[in-house]
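Would you mind keeping the following structure in view while I ask a few things?
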Amino acid sequence: MQSDGTVQVTTQKLPELKEGDVLLKTRYSEVCGTDIHLRHGRLAGVPYPIIPGHVSVGEIADLGGEVHDIDGIPLKKGDAITFLDVAENCHNCYYCLVAKASTRCPHRKVYGITYGIKDGLRGGWSQYIYLPKGVKPLRLPASVDPRRFIAAGCGLPTALHAVERAEVHLGDTVTVQGSGPVGLMAAVLAKLAGAFEVIMVGAPAHRLAIAKEFGVDHTINIEENNPQERLQQIRDLTRGRGSDITIEATGNPVAVKEGLELTRDQGRYVIVGQYTNAGDIAINPHLDINKKHLEIRGSWGSDYSHFDLAVRFMAKYGDKYPFDKIISRIYGMSEIEQALADVEGLKVMKAVIDPHKE
Amino acid sequence: MQSDGTVQVTTQKLPELKEGDVLLKTRYSEVCGTDIHLRHGRLAGVPYPIIPGHVSVGEIADLGGEVHDIDGIPLKKGDAITFLDVAENCHNCYYCLVAKASTRCPHRKVYGITYGIKDGLRGGWSQYIYLPKGVKPLRLPASVDPRRFIAAGCGLPTALHAVERAEVHLGDTVTVQGSGPVGLMAAVLAKLAGAFEVIMVGAPAHRLAIAKEFGVDHTINIEENNPQERLQQIRDLTRGRGSDITIEATGNPVAVKEGLELTRDQGRYVIVGQYTNAGDIAINPHLDINKKHLEIRGSWGSDYSHFDLAVRFMAKYGDKYPFDKIISRIYGMSEIEQALADVEGLKVMKAVIDPHKE
Amino acid sequence: MQSDGTVQVTTQKLPELKEGDVLLKTRYSEVCGTDIHLRHGRLAGVPYPIIPGHVSVGEIADLGGEVHDIDGIPLKKGDAITFLDVAENCHNCYYCLVAKASTRCPHRKVYGITYGIKDGLRGGWSQYIYLPKGVKPLRLPASVDPRRFIAAGCGLPTALHAVERAEVHLGDTVTVQGSGPVGLMAAVLAKLAGAFEVIMVGAPAHRLAIAKEFGVDHTINIEENNPQERLQQIRDLTRGRGSDITIEATGNPVAVKEGLELTRDQGRYVIVGQYTNAGDIAINPHLDINKKHLEIRGSWGSDYSHFDLAVRFMAKYGDKYPFDKIISRIYGMSEIEQALADVEGLKVMKAVIDPHKE
Amino acid sequence: MQSDGTVQVTTQKLPELKEGDVLLKTRYSEVCGTDIHLRHGRLAGVPYPIIPGHVSVGEIADLGGEVHDIDGIPLKKGDAITFLDVAENCHNCYYCLVAKASTRCPHRKVYGITYGIKDGLRGGWSQYIYLPKGVKPLRLPASVDPRRFIAAGCGLPTALHAVERAEVHLGDTVTVQGSGPVGLMAAVLAKLAGAFEVIMVGAPAHRLAIAKEFGVDHTINIEENNPQERLQQIRDLTRGRGSDITIEATGNPVAVKEGLELTRDQGRYVIVGQYTNAGDIAINPHLDINKKHLEIRGSWGSDYSHFDLAVRFMAKYGDKYPFDKIISRIYGMSEIEQALADVEGLKVMKAVIDPHKE
């Protein structure tokens, strides 16, 4: 993908593996909302041209000597691997070692986003993916269908981090703003983490219908009401108080103002959807924060612990949810323009790339 | 005080005491920034006319039978008492019993603010103060000079709550925005709570000079620089990262936007100064919150635990800080207009009312 | 019940209701493990003779004027009410107001345990129960079968507190020691709170079989193995590390030593089962705590927030679990000796008392 | 040091430096209580013979190419460096990446303890110390006297971790059991972290006298009273309740039982002194933990964040405390037997080794 958003299929050399390196033969990669942002040049610091695709599944094609997973078990050729540690921490800076703010390590570079094509095969929309020593692949259990894993996609670790930040308590009512992949996964995980009621505020109708099938208790279609009506609906569901926790997963700054109002006094508001700079929003610090004794938490990226949990989640619950329904279509290398257009037009929940398909 | 801000001295009947009631003979009360807001009608739900004065010290003039403090020790006539439990919780609602959001109890009414003159002697700018059963007076140790206690005033419990919300860790750098009574006390308490460096951003110069005498490490005078320069100064003091924690104590919405920028990634921002609706402010949810993985916490009011700690703080540290310097003058009943004008004009840090003085 | 453990049916006068009082006509009460302790005189400070029964359900027989629930909704005759606030906090002491250690309030007295018959109808094994002003009854939704509610019994709020203390994170493996009512509810709630795997260590087999029906993932029957084998089984289930969290609900000090060993390094151990003094146990502070960087939390009693959540839990999930299976029999007033014997002999999971039955 | 406790001076080869390695010329190292344990073979897994000395200060003698500190600033020959990262985490295992239990990484090996002489110059009682790439040296500011830094020694980062675990709140009363180096530093840091009162329980008298000079508020000499009297003294200092937090820093299991009793209901007890297996102790889980609603936390080792803070603490407060008083003597290479004997006999608070001194 070029900086002007054009997409071409190119041929690259396979890397020579050194001690500890891994080469994956890609099985599937995904098209995520971030790829739409990339196409429109909305992210800063992207070294175009790049190979997009930050969450992918593949099998080990080759290894540089003996390589182990974090439990010390050797990896071997043919192992099904999900490649999620897309931004290894440096473990050598203030943010890694002192602040323990793992996703704010300034040395992280993300496959498919902040690695360029000059860095080698560092993106999933490619037939092979290069994982040098230090980038940690996770073994996918045989019970997990790779397509289903890609259906959850990068929304899953992102939402795991957001729900961790949300500190859901047993019995909470959680409102999720946004019905895209991150919002859907946040809703599912908030419920698993103890919420008694999960309310999703989003659109269009077919996404809310899927959310219902994933166990969301109540949905509010923003195409059918205004903010005041939505506030009233949520108050009606919460003995008049607002939700205990609200998780923003929209990308739209306007949602932030509305979300603060939807949350009860001394509630918690998690902002995870604002991954690009979509502008400012006016808030009222007296009414929205101080007087409400509210807590707001940004949630940025995800780290190895979320990837580990993502795999365990799919192994435990992957077949309890209708993940198959959110994959609309598998696109080949010649269909990438179409995949991007379908995601941008909200026609599909999740577009999957198979780089070995024409 | 009337709704148009005029102030008159009136004569009221003393209450008849029932079982458990206490009558205080007022020694001193304070003029706080909230009283300026009251005068200008900036607070909602105030039942004018009112007797202002929410933090006061007095001695027990009379008792309705046997009354005990929370340790079970009987109160007796002549006891020096600080009257801080200005807003007893109902202990009978969702916020008191389930959410444990003590200061968001909807049944709290505050002496000098949301009690009107029709509710009796419920304000400190009065020669006597009525404390019916349930309102808990705190015994002031003999070692604490009542004037010094009033010098700390309601800024002390307010700041105790804010610093509790700030969760200072040993070694943190804490920036305090605002150099009024709340900001000064927040700075002192943040340092006591483990901050290695406390930076105060405020004005005018004489307030910052006092802050230095209270142990603030660095002061930045907002009359002498612009936001960009202030940001640079704080980065220079923090290895380029911004403060670990920032506490807003200004009342100005503009400070909120600036404060978010002054705080480092994964830092914490506490908003305690926005006690009236002073309008909106534009923030950027991507840059200011999400990407920074930031945490923002509103801090509203204070409860009995903060009053208990306020008394213990004064007993332990009251003579370690130059509290005498922040009382500029003690005003009699005929000088209240002057006291209000002096506080509003930032001429004094703290104006004290002696209702038995002419 | 007398101090020698004998039980007699007696006739008491109904109380005269004052403003704010409520009189319940008892529907069901329970026999809990504590009642066995009471019978054997194992609790200190019990003012025998007492009316046992601390968790009960009834309907409002009479009211002293207008009485409201915590949402301000008036109670009325015939309302189905669960009476759980068996130990109202004083809201007037150091533990209530400063330490916020709600269940350590020294003024709490518990219905059926530390209230004696001289205090009136303060126990559930009685046809009527007296709730003076301040004791807060909770309205039972029509959807909740009162028998099912009693089946959950006092184990439910006790376990809610313990699981709150456990701070379960999404994906945790939680081991519960003990398969009685508290252990069963702790297991169910730990799962609802985010545990991916719940392991129960207990006996006899029929209790473990019920636990499986309530969704427990793995059970270990202590009659069939020794501590070393149990440790090995749990390590096998946890990649060799031990459980993230272990909750003790046995009442046996020996379990504490074993539980520390079952928990992984930097794990958390919650002790909720040690409600009577059953003696000492030797631990090794180096191996069991310091070197493991472990955390241990005692969990004592429950407060209004747990009762509120207990009712909401039953309304949301009461029909998702086979509560009916754990009520073996409903006992009349003449069968109380039998009920006590059956509970003590572990013949039944839960014995229910119907005081209007012969 | 051999496994039989004998100590000899030997000659070793200097290592050849590779990219990223650092060679320190040792200035001072310390004799810590752990060295006494090492001498008596009380620690498991020690690969004798070893070069003892885990906290040391030196200057850079040589570098393998360009090496940076965590802020990216290049190190250069002659830099004063404190070498504290004695046990670099692997950043590649479950405990490092998922549990985030930094000091429980099973791959950590500690200079002077679990590295043997076969691993090269990995201990501070040596004229040079080898720091291969990955072991992170910390630059000591010019304002910090290296002798004073060694006076604080490994007790400082150990106590920083323990006080972090203690979560001191402003106004707490903290009791420290033990008056050795860890206890002394824990007391100082608990006060800096917000404790209003710090009580030290220890012996002998000269150590308690030093503690007073370091700002400890109350000392209780265990040679002059029995546990019951000590409990009474602490209750007298805490309105009858016990300390909010107690930190164990004794190494004696008996102290654990006593410490649980000294702590108030819903208080917190941190165990940091049990670094070797000194046997079992009987506790009563009902009275000591469950009924008290107590929290107990083990604290093991320290990580880079504590070392970073240790250096910042010394830079900020090193000259505010009489660190010079706790260094009794500087011992040369021929005096190591004497140094060990003096530390074991509690004759000195801190023995310092200068390996370039005869």
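Worth a mention:
Chains: A, B, C and D, in written order; residue numbering restarts at 1 for each.
In this text, a contact is a pair of C-beta atoms (placed from the backbone, for glycine too) under 8 Å apart; a residue touches a chain by one contact, two chains touch by 3 or more.
As the structure is a prediction and not an experimental result, all values here were calculated from the model.
With steps allowed only between chains in touch, the distance from chain A over to chain D comes to 1. Identification of common neighbours of chain A and chain B yields C, D. Chain C and chain D have centres, each the mean of its CA atoms, that are 43 Å apart. Centroids of chain B and chain C (each the mean of its C-alpha atoms) stand 42 Å apart.
Residue positions 71, 94, 239, 309 of chain A each touch two or more of the other chains.
Interface residues of chain D facing chain B in the complex, by the touch rule stated above, are 71, 160, 163-164, 168-171, 189, 192-194, 196, 239, 309, 312-313, 316.
Listing the residues of chain A that touch chain D in their complex gives 70-72, 89, 91-94, 97-98, 100, 136, 303-305, 308-309. Put simply, chain B touches chain A in their complex at residues 94-95, 99, 101, 103-104, 239, 241, 248, 253, 256, 264-266, 271-287, 289-300.
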